[in-house]
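Look for chain A in each of the two complexes below; its partner is chain B in the first and chain C in the second.
On to the complex of A and B.
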């Protein structure tokens, strides 16, 4: 028998953080903060129990949902779709140049930083906050909604498109450069065909997502079905509000199904 | 005529990949360049059309100094240098015809390129060349539907569409099976003599180099160590070029070469 066989050799997975002080220190800090965070939240059981019947009244008032004001719902939905559609077109079109600017492999350094800065700015605020700003700037109504969702679309589409450009097969770009094509021709031939399926998929997804978001930004005054919903709540028309919510769920299910189908077809 | 003199290429602070290379190609010679991975074959070819920036030295094509060109002048010079790639580098999602016409991108306006309104003579030349290599019936097929040999034919036709004064082929047969790769070599040899076009071919297959080219240039560690006819290329030359290469650095260097190109 060799010595190694007498003494079994042990193996344990190396810890993620090698330094034991740091490792246990972080665990202790995490638990301490968790305890503090839970213990200082103001749980007022009395208020919660008082609020319960109120919540039940709202839900109770919502049943059965009233679909009788279909015209108003249709008008709100139409405006929401208009907002989502225009914002998607505008956002996707603006996303393309911004994505090109933000792709490390095809943009010069200063342009790259500018492009990334635009994307980060567009992404840093939730659409609801942006909508509040735009409503203040251009007033209530669909224009504020379109501007909000355009910005939202740029943040999302340009970022993912830029990442797609950074992963293209560079050989095709090289081939275009080798035939003497200029920068724009190289983009059109060497880059865009490679990102096209992703581009279409993202546009579909964004339309879907903008439709959903248009209902939310409507609540803060940016038009569409969200505004209709807010009005219904304001007038305690809970049954109408519930009808609108059901409509929104239905629309989103349908749009999800359509965009899923389209994306599967073109991939 | 292509004249390379004292060409040096260094990636970053590493050892030079090309160490003062001299080469001149005249007439419609078909020259094969052999050498182990990392010997600098691909770098040399890419220095000619400036896909890789030479560190120093001079390259002239029919009297035009290529190493100092910038912007539009560089693009204009590139039009005259056709290149065929190992991985074909076709635009996969475009049709064969669009790929072939892409060879004219240095000549047509952006509007013509985007709207696919190429001049009539370009379209005729495209059909003529596609017929010549036997792919005309694929004109409207997507490039990624073709087999390897067919795709390389598209690559060759694209390069010839440029009306080049020289053709560079960077391991054009390395991704193909033996039979197809012979066909491509025959094709390159035939086209070169038909169009009296000088051709530089990077190649790993020494037998093919001897069979299909007029002249063999051997590179090792960035220096030319053999230059002669196929009949002069004996086992001593083969040993000098490939012999004793077990150094793993050679492969590593190849990776850094392609990384630098990307």
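On to the complex of A and C.
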């Protein structure tokens, strides 16, 4: 036996990135970035070191959660639900024409760009930023919330609906046109029936996601349970705040389950 | 003959049978009822609603032209926003991977750990980033750390859930082969599971980074760092022209984030 054969031949796992330069380069870049990012961020270590006792105080004050102010909670949740519901209805109704405008296959070019521009504008801002602007424009309360979530719904529903319209079976539209149907008739009988199931599924999804968002836009003053939560937090009413939080989680889980069930039934 | 004709007349085509029709009418009725109830019951001061278009136009006029003088402060804040998103995504990975391991049905050691994993994922996912931020600002004081932790706590649920689903969908055979050779649990994880979920992992992390950039832009509104702090300050002082600049900056940042994500996605996958 030659000495080479006696050496055990070890199998090594193939590296994830084959090129060693790239592999080590990426690792070095990652560490350099980490160092740079952490060193430029101003951390107030003194304040952070106080965090532990503060966390203890907050959680100590938060347990057990106080569910006794039921009426205030009910008012907040009711308002949140109303905001989410009205915004979904408005948003979905508005998003149908916008989706038709932004579908490449049925809209003329200039209209198409207008529709896409509306969708991009509606999508580019986080709902909380939109909410804070609406609160500044129309004042505190549920109107700002409804307007915000309507815009948020348009951005999402219109975009997906437009994609759905672009993927419809063109045969039915052609059949309608060949019998001399006008634009509206083609739309109503040739296009809408094909996107209706998706439309209902999207609306249910949007209702669920508006309900989540309505809890958040309240934090910047747009009404609903978020406003109640923010007030409770601001007054160091931690037991009440935690009760609201637990209820929010519970309601979100229920609404997620319902919306999932409906979508499964329809699709 | 006559009878037959009547018969064919009576059987005209309808899209739904009577039961389906009834369900439809009930749903329509409930929807309309809910709308009426919501509109009547909600606490809205109607004159404000009719005044809203006016007010918004007013606001838009006051925002024009955007004040470009503060661009260096805005640029620094945007960079801080990116740092929050990136650092929190990096940190999330270390927590989310073990959680996804115990939350996946085929890898979790036992039922108790499965439920522990699922509870962590659900509670992380159902609390919004802003609410997490509110909590961490109360604990650690206003600043970037609260923002990083908030984004991280929300991302754990997202990455953990999707990674758990990816783990549940792996091909069982390599795992069995490894186990048959007597490999330890750790070896099975690193040589049979990890290579299979790698592509999903990168896709999920890139997607979440993109979402985190958007989320990080609003953290500052509750004091958790990033561009939101400047935005809140500008709104509070009615500096609407600065607000306009900040909004342009945010759109720019979101677009850059989207471009980077799509390039990365093409490169990696």
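Note that in this section the second predicted complex is superposed on the first by the 222 of 267 C-alpha atoms of A that agree within 3 Å, B and C clash if a C-alpha of one lies under 4 Å from a C-alpha of the other, contacts with A are read in each partner's own complex, and residues count from 1 in each chain.
Heads up, the rule we're going with is that contacts are C-beta pairs under 8 Å (C-beta built on N, C-alpha and C of every residue); 3 or more make two chains touch, one makes a residue touch a chain.
Computed from a prediction, not measured in an experiment: that's the story for all the values here.
Peer 1: Is A:196 touching the first partner chain B, the second partner chain C, both, or neither of them?
Peer 2: After superposition on chain A, A:196 lies in contact with chain B alone.
Peer 1: Please indicate which partner A:112 is in contact with in the superposed arrangement: first for chain B, second for chain C, both, or neither.
Peer 2: neither
Peer 1: Touch check for A:174: first (chain B), second (chain C), both, or neither?
Peer 2: first
Peer 1: Which of the two partners, first being chain B and second being chain C, lies in contact with A:67: first, second, both, or neither?
Peer 2: The answer is neither, since A:67 touches no partner chain.
Peer 1: In the superposed model, does chain B or chain C contact more residues of chain A?
Peer 2: C
Peer 1: Mind working out whether A:58 is in touch with chain B, chain C, both or neither, as first, second, both or neither?
Peer 2: Second partner only.
Peer 1: Jot down the residues of chain A that show up as touching in both complexes, chain B in one and chain C in the other.
Peer 2: After superposing on chain A, no chain A residue contacts both chain B and chain C.
Peer 1: Spell out the part of chain A that touches chain C in their complex, as residue ranges.
Peer 2: Within the complex, chain A touches chain C at residues 13, 16, 33-34, 37-38, 40-44, 47-48, 50-51, 54-55, 58, 78-79, 81-83, 85-86, 89, 124-126, 128-129, 132-134, 136-139, 141-143, 147, 212-213, 215-216, 219-220, 223, 229-230, 233, 245, 248-249, 252-253.
Peer 1: Mind pulling up the chain C residues that touch chain A in the complex?
Peer 2: Residue positions touching the partner: 31, 34-35, 38-39, 41-45, 48-49, 51-52, 55-56, 58-59, 79-80, 83, 86-87, 90, 122-123, 126-128, 130-131, 134-135, 138-141, 143-145, 191, 198, 214-215, 217-218, 221-222, 225, 228, 231-232, 235, 247, 250-251, 254-255.
Peer 1: Across the complex, what residues on chain B touch chain A?
Peer 2: 49, 51, 75-79, 81-83, 85, 87-94, 98, 102-107, 110, 113-114, 155, 158-159, 161-162, 261-262
Peer 1: Which positions of chain A touch chain B when the two form their complex?
Peer 2: Chain A residues touching chain B: 105, 169-172, 174-182, 184-186, 188-190, 193-194, 196.
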